[in-house]
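The structures come next, written out as structure tokens.
There are two complexes below, and they share chain A, which is joined by chain B in the first and by chain C in the second.
Moving on to the complex of A and B:
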């Protein structure tokens, strides 16, 4: 498949960006900066997991930031009372529930995913605002803040957690039936349905997982910030899409490697980091990121065109071979 | 004949007087004032809401407080349009953008609904009055305090508010105005963190890498001060952090010695005065003064020395008006 060559090209591009930053940006290569960068990159990659999974099934989850805000505020209330494990469970449960609701409405009631998750974003953000009344919940015990603040050797905990989650997702997507159905549904939902695959159930699971991952990201973020408020994750859907697209997840569904999010996260983090290190006005960050996205997708298109016929044939025979039987 | 004309005139005057009296004598319970603020996720505006509601209670009128879901002036205009449809008796508006709100105010003017302008000056349209603390003054107070604290010598970085927001521009203007007069104080960097805690933490991480020596961080609001403080703590560095708004979480952090100071912008009093003046205008036909500078003279820097006393006096004020603070 052409996927590996595309992945290779992405790794090369990111390496080039890193090398350029190393040479031209003062203090970029310092240990503390690289640690910051790694942490920011993996947090971004983690934020993008929900968006990416739903993109794989040719959908999108715009409610991730709001779901993260509500679930982490509810979790925070329990955590500041000293019940850390219970609080984390509450947070994850609320996230999964929000995602489940998205999934059911989209799969069973056939609501367009954009409308559903877009509305969900407003509803849940509204709930979070009502709940916090504009205040923050803060002062967590160390038994919780380690999620965002501690280190394993020199590696920040969010990197370890983010890496573990991405690794796990990679295995699930490539080695399990759930993963194969996810790609099949994304490539062609009707075909998947006709071939007897449980497409609806798969959709519901994917959205629930997206909600769960959003709440997990939220928990790690509030552990880092040592406070939770309803403002959390305002930009996450957009940042998540940027990371996913740069990471090679196709908007049309059924295509992309979840580990690509690490590359997407690195690119986004490096751009922001360099803008700050160079002392450029913050608006340059948005500007550059827009550029990078277009560039990545453009080069993708050009490289794809060449191998298009061969690839579509390969994908076709691949899916027929794997999903032909009941 | 002459007599008839006289009588006619008299009758006309009487009718006019009566109808005027009827207008002024609308029962307080039927009077509905809408207070439109910028953002109810921000504690400052929540306290402004409480102030408005307290003034409403005192006059026995109905007060509703609204804010747009997205921090954008056109959403505020949409809210104003709805309020005009609903035929509220007056609108108190805190514009996100003083120039952008003008068309909303003009629409209310056309519908003969009085508009009171609070906190951020609108550049056009007809308003019955303006009240509010001057953001430039808040910036000056913060900047002067920093200069004094540093004894006129040191390195500072500035975290600005949302690019283009008038409060951000004005606070920045006040700060830079003062810092310019202190040649010993060097501004290493001045960049936006969008009034957002998450963003501030990230930007601060990068700035800490870039500058090995920072003495003071001046933040245009408390949320950013709290985000910056967390980044500084994680990097095991020490420097002064000063915010604006005096939200409870900052007061706590000040008492713990994690944040050096904040400037109180008196959200409660601003909301109270605006609704109070509007109510007097509606109920007693008292024209408000053109400019009411709420407490700008008494805006103070809150530090470790006076934080506790400040918090106490505030709680007492809230108690007096029967406001429950979590």
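Moving on to the complex of A and C:
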């Protein structure tokens, strides 16, 4: 996959936003602020991976936050007893299982993704709250908090982990059969089915993967916060959608580059960061993010449209030129 | 008798049966559930969701979605409360201004969606952020209280011994039901949702119609926001967040298809009744707040499954025989 003009436009737009913030917002360019920003951006991108994968197959996973909460609370119980590896495994397994359940119900029982993942959000959040009874679990060993708190050189660990996960997903989506089927199913599920692709199995795998990624994000979050509670990730579905949309993942499915999430994460983090640095009340963030979402997608949409028209005109004039001449 | 049965059975869709079963179950499990006073309670609780879900129904009939309604409801109640408190505006005028704000939000959604061709998720989600942000900014993230309580009768009032919101919801429902069934614009709504290209070719002004419907959804969110304000007697930006998803769930559980062109406000009314009965019943039975969430999730799935593939093979069989 080459870097398309749309991807270039996105990179340019994000660079422009960064440059504007650097020039106009005091203390934006300091090393500690940039490191914070980068960490926030990659955490957001990581949170958005599940939402994005399901958007690629023309669905949506609204249960990611709840699944992250349940899996990380269960994992936390094991981890505080000192079994770090086992705890992480438990967390990931619970996440994958939740996602698998979503996938099976959607692919096999033909429940609309909205009803299934929305209901799942209630069920799993309820289970998490029942399990913790509203208390938080803390006091993790350093061998676990390392996941969220340590640095590799100057780079925070969540950035390294997020980057690795996104890179891996990019390879899986572009180089493997699974990835190609994912895009094909998202573009046209019916056509994919008719051409003999295992669309149902693909859907199940995508939702399972979304659950797995949600629990992974949850684990990194609790490692960073050094505490786990059932309220984790309340806003994740909405934040994930925002990051994905800004990152160029299409709601209609079958379109979008997973690496775009890094751009989406950066934009969201920059908006939050600038609102903070400018001393504006935190909630100006929502207003600006809403605005930025519409703006980014709109400009993208309009440039794409013009590109299409120009292309078809070019083709047209080309064919005229070929046939033409007295 | 057989005739009566054949008249009634089509009305017994999955969600209706589930609601009836739940009512029976909760009545057995809790003493206070099956009582006039609790029925009034349920109606009061359901009225806000019903109003906002009616608007959402229209949008979903177009195969669209409106993610902004929860935040727009919050904006409406915050604008209205601030106008009354800080601006000393007459409550009725303040409420009208709040509803107009909501309608403008919906209008913007519709214009960006239908004239610029963006997937409705994007403008309505962007509007969610902007409306929430605007509401938080005008309230400075505080809870607004202490304004005149003259709007409260909308929620607390009684007429002929029945709660006021019942009349509001019933009137709106009848109007909308007739609109969808008996007016060209109503039929056009189904036509656009069923097949947009075909609707355009048959001369329906699709863009205009869609814009109007998103504006209408905003308008209904505004009315719901005012009723919510009348109930809580306090305005807070984030109080109504969640209604976007609740309303979509009510519409879909009732039996309106997310693919558009199929369903209606009657189905939505059933969906709202189901959700309100479930919530109230779980409370009355004394199910722990946390576990309630689990049951609501399971209930939604069950209700949808019952709607899409009939749980009534027996009744279906009977109808087939008669036919």
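As a working rule, the second predicted complex is superposed on the first by the 303 of 326 C-alpha atoms of A that agree within 3 Å, B and C clash if a C-alpha of one lies under 4 Å from a C-alpha of the other, contacts with A are read in each partner's own complex, and residues count from 1 in each chain.
The rule is simple: a residue touches a chain if its C-beta (ideal position, glycine included) is under 8 Å from a C-beta of that chain, and two chains touch if they have at least 3 such contacts.
Keep in mind it's a predicted model, so treat the numbers as computed, not measured.
S.K.: Kindly say whether there is room for both chain B and chain C on chain A in the superposition, answering fit or clash.
M.R.: By the criteria stated at the top, chain C and chain B clash after superposition.
S.K.: What is the contact status of A:273 with respect to chain B (first) and chain C (second): first, second, both, or neither?
M.R.: First partner only, chain B.
S.K.: Quick one: is A:283 in contact with chain B, with chain C, with both, or with neither? Answer first, second, both or neither.
M.R.: So A:283 meets both chain B and chain C here.
S.K.: According to the stated criteria, A:206 is in contact with first (chain B), second (chain C), both, or neither; which is it?
M.R.: neither
S.K.: Could you say whether A:36 touches chain B, chain C, both of them, or neither, answering first, second, both or neither?
M.R.: So A:36 only meets chain B here.
S.K.: Could you look at A:259 and tell me whether it touches chain B, chain C, both or neither (first, second, both, neither)?
M.R.: A:259 contacts neither chain B nor chain C.
S.K.: Based on the superposed arrangement, let me know which partner A:48 touches: chain B (first), chain C (second), both, or neither?
M.R.: It touches nothing on chain B or chain C.
S.K.: So which one touches more of the residues on chain A, chain B or chain C?
M.R.: C
S.K.: Check the residue A:293 against both partner chains and state whether it touches chain B (first), chain C (second), both, or neither.
M.R.: A:293: touches chain C, not chain B.
S.K.: For A:125, decide between first (touching chain B), second (touching chain C), both and neither.
M.R.: Both partners, chain B and chain C.
S.K.: Just one of 6-14, 24-32, 96-104 or 132-140 in chain B runs into chain C once the structures are overlaid; which is it?
M.R.: So the stretch of chain B colliding with chain C after superposition is 96-104.
S.K.: Return the residues of chain A at which the contacts from chain B and from chain C coincide.
M.R.: 122, 125-126, 129, 133-134, 281-283
S.K.: Can you name the residues of chain C that touch chain A in the complex?
M.R.: Counting only chain C, the residues touching chain A are 112, 116-119, 121-123, 125-134, 136-137, 140-141, 237, 245, 248-249, 252-253, 258, 288-298, 300-301, 304-305, 308.
S.K.: Spell out the residues on chain A that touch chain C in their complex, using ranges where they run on.
M.R.: So the residues of chain A in touch with chain C come to 62, 105, 109-112, 114-116, 118-127, 129-130, 133-134, 238, 241-242, 245, 250-252, 281-291, 293-294, 297-298, 301-302, 305.
S.K.: If we count contacts the way the header does, which residues on chain A are in touch with chain B in the complex?
M.R.: Listed in rising order, the residues of chain A that touch chain B are 26-27, 30, 32-33, 36, 40, 122, 125-126, 129, 132-136, 138-139, 149, 221, 224-227, 229-234, 272-273, 276-277, 279, 281-283.
S.K.: Which stretch or stretches of chain B touch chain A in the complex?
M.R.: My answer: residues 40-43, 45-46, 69, 163, 189, 191-194, 196-198, 201-203, 205-210, 223, 226-227, 230, 234-235, 247-249, 252, 326.
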